[in-house]
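Since the structure comes first, as structure tokens, the remarks are kept for the end.
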């Protein structure tokens, strides 16, 4: 599991007084930095290898500006050419949002999905959700 | 159905050369302005009445900076206290993203969901998806 | 002068109830789309030719979510390798923000500034501020 | 001086391959969190006390996605009702952006500027730029 600290920004709040829901996908993507590094070790966009195909996010509690938040990121499923992450946003002990993000391992030159390389598959295993945790959710 | 024109911004692109996926939820929320106006006619945050509970977005084709885009917004389902929207993002004749957003009609003072008022229910019917289209999805 | 309509987004508001100041530079950049097109006619990033060197923005009145806004963009000064734009944001008849943006005509391959081409200089003249207006500021 | 670590996000890059200039004001505002806390100790928007009047930013070097950045924030000048901050963004030992932000101490209920309270003035002194540094810039 990867842990990414998030310090909320004024620009991420909205007129309803909390963190605007549109910044939750941004925080969740911020939580994937080490996942991206597994697939593109130098994080260069010339060698970028992921294309997002789906996100499904449950908003379970309001997020506020005053307190620090944290994104937790797990690898949830690895297929031949695609993989799914599961992520949670916590603040002051509350689960505020959770969701999945499904990516294709993608070659932007050929505009085709490709098989996820063996070394990435191995690196992903370090961040897999426990089978028990999977059942509990 | 509501149609919202979107002119892509440089700040909405990313290093991979297209519109970053995190701006799709922002464009989709932009498409809900008239929905929000049905529930809060003066669009004031003091009378704001929606809380997002889920978004589920399929990213089906890349969105680019150079061409105008359009968000289409339908009311997909109306329950007692909640409602679901269905939206699509089109660019140059391509369906690039589609998704649902589920909201609770929410009283921020009491922090409770409430029954959607009758006049809003009537207004929603104008933007309902055709039953056929609903079945097709 | 270029006119760019802006429909404020919920995600652009902040907890203080108005449009967050950080979205003003984003709106102002949105107002430069046709300027960018003069320098990069197909708006492709592979042929991108501008690098920002300074922005100076005065925030003169609050911008709100409920009303449409408009960005006005003028070319203020054209040098050999650089040019300066002057822009204003208006809402409900009020001047809410104004500012300059100074760009270098930049070759990202050589990482060097270059002379602004003659055809761009001609195209810029169409959007120049009136000399009188320039003096007034 | 306040130090705020920034981990660049994919969504903050743009098609030109670097951090988009519009995210620099967002990072700089992120650097002001403890300044905001001096004026609004619980960081609640109901007691928010600052209104931005000017920002002036020099963009001196490109910011990239792959490396961590840092925002440095100083109090540059304190007047009766207004104050000015000076900030820098550094990445991999390079000064990439610097700028000032001028705020009025503002009462959103009366919509009037007010005198900065004595305790805030004292707290500001801890973050003042050295006179020498001021001369050097």
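Quick notes on this structure:
The chains carry the letters A, B, C and D, assigned in the order they are written, with residues numbered from 1 in each.
Everything that follows uses one rule, which is that a contact is a pair of C-beta atoms (placed from the backbone, for glycine too) under 8 Å apart; a residue touches a chain by one contact, two chains touch by 3 or more.
What you see is a predicted model; the values in this text were computed from it and never measured.
Both chain A and chain B are touched by C, D. Where chain C touches chain D, over half of the residue numbers in use are shared by the two copies, so each contributes mostly the same positions. Across the assembly, the mean Cα position most removed from that of chain D is the one of B. Distance between chain B and chain C, defined via averaged C-alpha coordinates, is recorded as 29 Å. Between chain C and chain D, the centres computed from C-alpha atoms are 22 Å apart. Averaging Cα coordinates per chain places chain A and chain C 34 Å apart.
Residue numbers of chain B whose C-beta contacts span two or more other chains: 10-11, 13-15, 17, 22, 26, 29, 45, 65. Shown here, the protein chains touch in all possible pairs. Residues 4, 7, 9-11, 13, 17, 26, 29-30, 33, 36, 42-45, 65-66 of chain C are the ones that touch chain B when the two sit in their complex. By the touch criterion stated above, chain B contacts chain D in their complex at residues 10-11, 13-15, 17-18, 20, 22-23, 65. Considering their complex, residues 14-17, 21-22, 25-26, 29, 45, 48, 51-60, 62, 108 of chain C touch chain D.
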